Amino acid sequence: MHPGFKIFAGSSHPNLAKEICNILGVQLGKISIKKFSCGEIYINFDETIRGKKVFLIGTTRPGKIHHDFFEIFLLADAARRSFAKSVHLILPHLSYSRQDKIHAAREPISAKLIAKLIETSGIDHLITLQLHSDQNQAFFDIPVDNLSPRKIFADYFRQKKIKDLVVISPDVGGAKNAKKFADELGADLAILHKSRPEHNKAEILEIIGNTKGKTPIIFDDMIDTGGSVCAAKKILTKNGSKEVFLCATHPILSGNAKEKLLAENFSEIIFSSSIPLEKNNFPAKFISIAPLFSRVIENILEKKSVSELYF
Amino acid sequence: MHPGFKIFAGSSHPNLAKEICNILGVQLGKISIKKFSCGEIYINFDETIRGKKVFLIGTTRPGKIHHDFFEIFLLADAARRSFAKSVHLILPHLSYSRQDKIHAAREPISAKLIAKLIETSGIDHLITLQLHSDQNQAFFDIPVDNLSPRKIFADYFRQKKIKDLVVISPDVGGAKNAKKFADELGADLAILHKSRPEHNKAEILEIIGNTKGKTPIIFDDMIDTGGSVCAAKKILTKNGSKEVFLCATHPILSGNAKEKLLAENFSEIIFSSSIPLEKNNFPAKFISIAPLFSRVIENILEKKSVSELYF
Amino acid sequence: MHPGFKIFAGSSHPNLAKEICNILGVQLGKISIKKFSCGEIYINFDETIRGKKVFLIGTTRPGKIHHDFFEIFLLADAARRSFAKSVHLILPHLSYSRQDKIHAAREPISAKLIAKLIETSGIDHLITLQLHSDQNQAFFDIPVDNLSPRKIFADYFRQKKIKDLVVISPDVGGAKNAKKFADELGADLAILHKSRPEHNKAEILEIIGNTKGKTPIIFDDMIDTGGSVCAAKKILTKNGSKEVFLCATHPILSGNAKEKLLAENFSEIIFSSSIPLEKNNFPAKFISIAPLFSRVIENILEKKSVSELYF
Amino acid sequence: MHPGFKIFAGSSHPNLAKEICNILGVQLGKISIKKFSCGEIYINFDETIRGKKVFLIGTTRPGKIHHDFFEIFLLADAARRSFAKSVHLILPHLSYSRQDKIHAAREPISAKLIAKLIETSGIDHLITLQLHSDQNQAFFDIPVDNLSPRKIFADYFRQKKIKDLVVISPDVGGAKNAKKFADELGADLAILHKSRPEHNKAEILEIIGNTKGKTPIIFDDMIDTGGSVCAAKKILTKNGSKEVFLCATHPILSGNAKEKLLAENFSEIIFSSSIPLEKNNFPAKFISIAPLFSRVIENILEKKSVSELYF
Amino acid sequence: MHPGFKIFAGSSHPNLAKEICNILGVQLGKISIKKFSCGEIYINFDETIRGKKVFLIGTTRPGKIHHDFFEIFLLADAARRSFAKSVHLILPHLSYSRQDKIHAAREPISAKLIAKLIETSGIDHLITLQLHSDQNQAFFDIPVDNLSPRKIFADYFRQKKIKDLVVISPDVGGAKNAKKFADELGADLAILHKSRPEHNKAEILEIIGNTKGKTPIIFDDMIDTGGSVCAAKKILTKNGSKEVFLCATHPILSGNAKEKLLAENFSEIIFSSSIPLEKNNFPAKFISIAPLFSRVIENILEKKSVSELYF
Amino acid sequence: MHPGFKIFAGSSHPNLAKEICNILGVQLGKISIKKFSCGEIYINFDETIRGKKVFLIGTTRPGKIHHDFFEIFLLADAARRSFAKSVHLILPHLSYSRQDKIHAAREPISAKLIAKLIETSGIDHLITLQLHSDQNQAFFDIPVDNLSPRKIFADYFRQKKIKDLVVISPDVGGAKNAKKFADELGADLAILHKSRPEHNKAEILEIIGNTKGKTPIIFDDMIDTGGSVCAAKKILTKNGSKEVFLCATHPILSGNAKEKLLAENFSEIIFSSSIPLEKNNFPAKFISIAPLFSRVIENILEKKSVSELYF
């Protein structure tokens, strides 16, 4: 194919890198990554990258976020100093993207800081998957391809041929994103909203929109502790839904999220493969994002449009 | 008071500057601003600013946005070259803040670009009022004080002693902001939401929440063409509301917004003074933001916290 | 021709872009430029530019300077974020280039500021026409091709076969530039100079050099309000010149310049097409700069020298 | 004392911060540091720092290096956005400082990258303790106070009144530093050197210099896995030394370093308190660096020379 | 006076530094400057500058330009790393300022490069004397005080009480500057201009303006090889002037300029002390610029306007 | 060969440039370098470099260091402004590289400053020979190829077929480098070390390692004043060595180094050609580095690994 590029995998998501290389029919680049006993990471490229487009593939994993970021920074620095033509970071899950504004006095804006650290390390281009807020893209001065898994998820549901689907946003913040997914599927939309029926009463979760007689898919950008989607499942069940699907891009699943999700008896849980999980460890459907990212790499190398894969 | 600062007014909002100087008991700095017949702006400071904290006061006015930005850029450049200690920009309305993400392929992210142009011109610190999205603050590398007019508006409504207020967000995007205002007022919240009762039918505007027997305040961050708030007014009226208030921070009022608003017969329309409007020109209540910004300047000079004025 | 580039026109000088594309035998790139009713500009590229050299064609028009600059900034930001290989700005007339030094205390140096804003927006290379001062080029850190229209104007006059031409600089500041034009034409040079015959008397305009029996061409880099060239015409006429030509690069023509020029009865007025003017609107000869700029684009794409077109 | 500063502690070395505050007689600033279950850190300052010199106190701990760096980055970003006058980082142990050059093809230069990340996060000034190489200081563009613990260690040994001390450098790389310590103590110097008595024979460790009848202090900048100092101890014992002291600045003690050190039966092991260790956990003497860093803060606030504390 | 500043002298103009310190009543700061036998410069400050405003005094001497620039760069780097509050460079003569534009293809713009190197080295503020072109100031992003020696020279001539002075610009390029000097003195102005009486004839030097019965002062910004002012002297003498004065800011006097000037028998030659010359070496009047620069330092420290000293 | 590059020589090492061009079979690019009588350098490229990889070849010569650096800065600026695709600096000897750390209070870190000045001038890539410390490479943000002359020197000695070579490091600082050379040659290693046999006695130079019956090669990175290698020669001779070779990379030879070296009667002195010396002027063997640098250029153009030439 294109002789002018090489793909290297960090230690955070080697399977994604392998799948992408298989699809593209190229060898994964040789690299050494060690961890000294003091905890320092040591990396070097085992083959020349002089004048090549270098694609670094990683992700940030819950519990290993800071390690994973530093590994990327070190890889980028080495690539730049070793005369790579350009350094492209494939990072489907970008941690800290929720800390994107000032909620309280004297906070950092961590997501912006992350963008600046990534740029400082020498990355020329970021390819990522569904940033938590669309504005996060603007935190970067380098160009960003912010891909959407919406079509991949839609294809999966379409082949299931379930009638009368309704997409559920577990809160108002996710309504816009859920609406796009509903439109993609030709499904209805409902939104869950916490409100107080009267002042000074406790907040209750309301369903806005009609779910009667329909099969709900709770749709979110990430499942972290799982609290809101489990609450959503409960109210949908209470409201008469028999089958409830859960579909989310990033399976962070921190704390006891796995136990909580299992306890809810979802019909099926569907995640993207943006974060590596032991499959036998958790009974979910992991839809691979490797074909999507492979296509992006191809289009970049052939200087074709990538933006059709965003929306 | 503090001898180490001077306040100067651009041509975009001289009344705000005068009010602030009156409150602080200081003279407005002397400045010359001319426009050559070819359209170039010429500015210079008529008094020394060497070693002083310089506060530049302006805004961006609909229809004069680009002129107003350039005037600020030129003032900042002159201040920096004239040895100002620091240059603080008071800009209650920041145009282009809605273009804060990629909606379609190959767009700019204009709000980020504006942030970079402001920084390039030599501004050290921005003091603004209710940016369209909270993430917009992170587009800046310089520190930003992003003030809220919520308490000012709440004070105004409290003295009216209207019972059973309900704050209306004209769309789901503004729900969070409306909720904070409702909480400040101790009022209920309702959200307007466009949805389709069935697939392939036209979208209709629904009221989420209870407005029966209550007095609605439609609350938004800006009124541009006025379309969504007029639609909101119509459905509230249709739903039985007799008195409907409209309260918004930035009165952009472009196109025939004024005519549309007048036609709706709001009980009262309340704006902040972030954009100068001929008062006799439009029958609205303009609540001055000068006390709020004066207090910010005072706190900055006395190195006290400003953040209590954000939330 | 070269598949690796695309040309796009801003709204400030579409005819120049069309002419250039015709000469080069390429299609003008598809682009959307809108203006919202509040005055904000919205742009996006309608075709992929990933990996392409992007040439943006615009100018800054009198009365629309700030609008035209912002349009360029937005186009550059979008091009950069959309993975253009490089962004080349063709901007024959660069406003603010006269504000290139400190004349009075506490001024900006606006021309330097403009250079920094252009760079901040993402432009990699500027191609322009006769900057007001040669030093202006150094305000940019990006490379600049500063072209000269001198040969184009000389060709025009040569085909007229007028005998005994004398090039007139309307003031000492323009003497150097006029001398180069005279040398190009093989013509004589005269300079107009304001001086006082005796101290405390009024300044009078003197002709330095011999214009007797010759046909004068008043030559300047730009005609703004037209004051100095009209004064020049008067003294030349008074001194016996029957035919007087006026030749200038940039037809700014602000204020009542058109009326003033018409009143002087020049034999002919010759401008470059650096600023679009309604031709039927004003009886001047507009010599197209499209061939010159087309040749620059060709040489850039073929990596040939452009500098022969500077001097 | 000086009202213009505040001291805050990260989570990596709270005791050092407390000690410094006690010595200076000031309150430690209030701060919140949380860790979300996904691993993201959240921090905010609980009191205003507007216009203050902010001193952040931390270190990088073995096994928690990347976490500790990110905490510092986030604190710096928050401080800068909250209008701190300047942000001073007290970081006695700076991880990655050994990766300060290219040993093999296509490595990063990690220590330089760390310097750039620290600067990007908003730190204005670094105060640290004995960087691994003196050149490391030059990796920073911000000013760096690189303190030496030599005098503190010398004071400790002087009060022991041991006769005939000899300072041992465990390898040639550390010879310079060991010589300065020997000079400070008025002691002799010996250097351990790996060499081959004949070509193609195994390397052996030689003692260069005279240790007979003297009490050796093995002196190094850091003890990581402890390999080289244990080898040094063995050869010194074999050579007749009965009492052997070990003195090192940074007690990294990774892997099974503690066990290895204990097995060697040093007369005493002396470390600085640059890295927090459970004292009852390991039988070493930890000499506090708090007085040294307190004096630096005082001198900075009083604009006195700090450099006497370097050498 | 102000305890917050210190003045240090480079090796290029120690007398200027001493004079300034005498006028201000302060001690010159202690500094070491050595030159190794290989030619490398070594400098260090011998007293603390932490938190101080540091004024570095030097110039660039003909034949030692590159040495003098490097000495300044090294001083600035040391000052910045030693925690100076700000670094102010007093450099009355700035070499390379004539290379301020592209005269021929593929040249550098050396004056702009110099500006960037000065900024890179850590200088925060430049105080200089009569830059060759006013645009040169804009090459700097740091603020620049560009002083004029015009009043100093005018005072000198006023006390001579010569009647009927006429200021002579030796070429059209210097006309503007000469006119300001003539206005300051209340004198007439004449300009020398090279032109051809007829095409294809040799250029001759013409006097524009009336010098009959008047005493000419040839006025220029610098005397380098002295060619143009000697030619000017000749034509003035030929035209009947008996006494001719020469007054110029920067006595570069390279090549055999001294011999050429002496051969012309000027009534008096007046220079500023911007470049140190052995006085007994050359019979000129050197007017000290120390009072001017002292006043600038005072005004800076007292945060008063400096710009009145520019024009 | 590759049409996309051009090689230009500065005035500091024209022979190296010519040799490289001969080896590569290309013409040296045409360039003009002048020195004005005031000492300013003027350069321009006499042929187009638009879109080309430009290799600039120079060095820094003792006594002409600052001149040589400025010539490079000016060449880089001109290359960048003339649209070179990339600017590669071949600079085998980089002055100031010994000033790479703070030895005493308030010094500059000159080697870091040099790195920043080189980058500011527009150099994209540095190719150099044996930097004084390996950390010096990290002072640059641009990529650096830091070549080693070790193999070249080893080849030279191998063809001499001397038995029982021993490589001598004249001090402990150079031990590492000498060891690598010894390993390359398959020779033994000895180190000279200054120490005191007893406290309060004078330092004496000791030989660590066995030199009996072997032929020593004193090996160093540079010979400046020659003091340490002459002392080394003396002690080796005293110790029985009959033939002593001296081999060093950079022949700085400042002060009376040549005389001192000649007086020592070395069997042979071997230098690289990193600094041009009049060969008939000094009886040393100068081994050309042109083949090494030619190979680097070839590998760069063919995007092959260069790093094998480092170690």
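Should a chain be cited, it is by its letter among A, B, C, D, E and F, assigned in written order, with residues numbered from 1 in that chain.
Note that a residue touches a chain if its C-beta (ideal position, glycine included) is under 8 Å from a C-beta of that chain, and two chains touch if they have at least 3 such contacts.
A quick note: this is a predicted structure, and the numbers were derived from the prediction, not measured.
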Third chains touching both chain F and chain B = A, C, D, E
Among all the other chains, which ones are in touch with both chain D and chain E?
-> B, F
Taking all residue numbers at the chain B to chain D contact, is the shared part over half or under half, that is, same or different?
-> different
Can you give the whole-Å distance between the Cα centres of chain A and chain B?
-> 34
What whole-Å value do you get for the distance between chain C and chain D if each is reduced to the mean of its CA atoms?
-> 62
Using CA atom averages as chain centres, what separation in Å is found between chain B and chain E?
-> 50
Find every residue in chain D that makes contact with two or more other chains and list them.
-> 48, 81-82, 102, 104-106, 109, 112, 305, 307
What are the touching chain pairs in this one?
-> A-B, A-C, A-D, A-F, B-C, B-D, B-E, C-E, C-F, D-E, D-F, E-F
Residue ranges of chain D touching chain A (in the complex, touch as defined) = 36-40, 42-46, 48-49, 62-67, 69-70, 73-75, 77-78, 81-82, 95-96, 98-99, 102, 104-110, 112-113, 116-117, 120-121, 224-225, 252, 254-255
So, in the complex, the side of chain C touching chain E is made of residues 100-102, 104-106, 109, 111-112, 133-139, 146, 172-173, 175-176, 186-189, 191, 193, 195-199, 206, 208-210, 305, 307-308, 310-311
Could you please specify the touching residues of chain C with respect to chain F in the complex?
-> 125, 143-144, 299-300, 303-307
Which residues, counting only chain D, touch chain B once they are in their complex?
-> 48, 50-52, 80-83
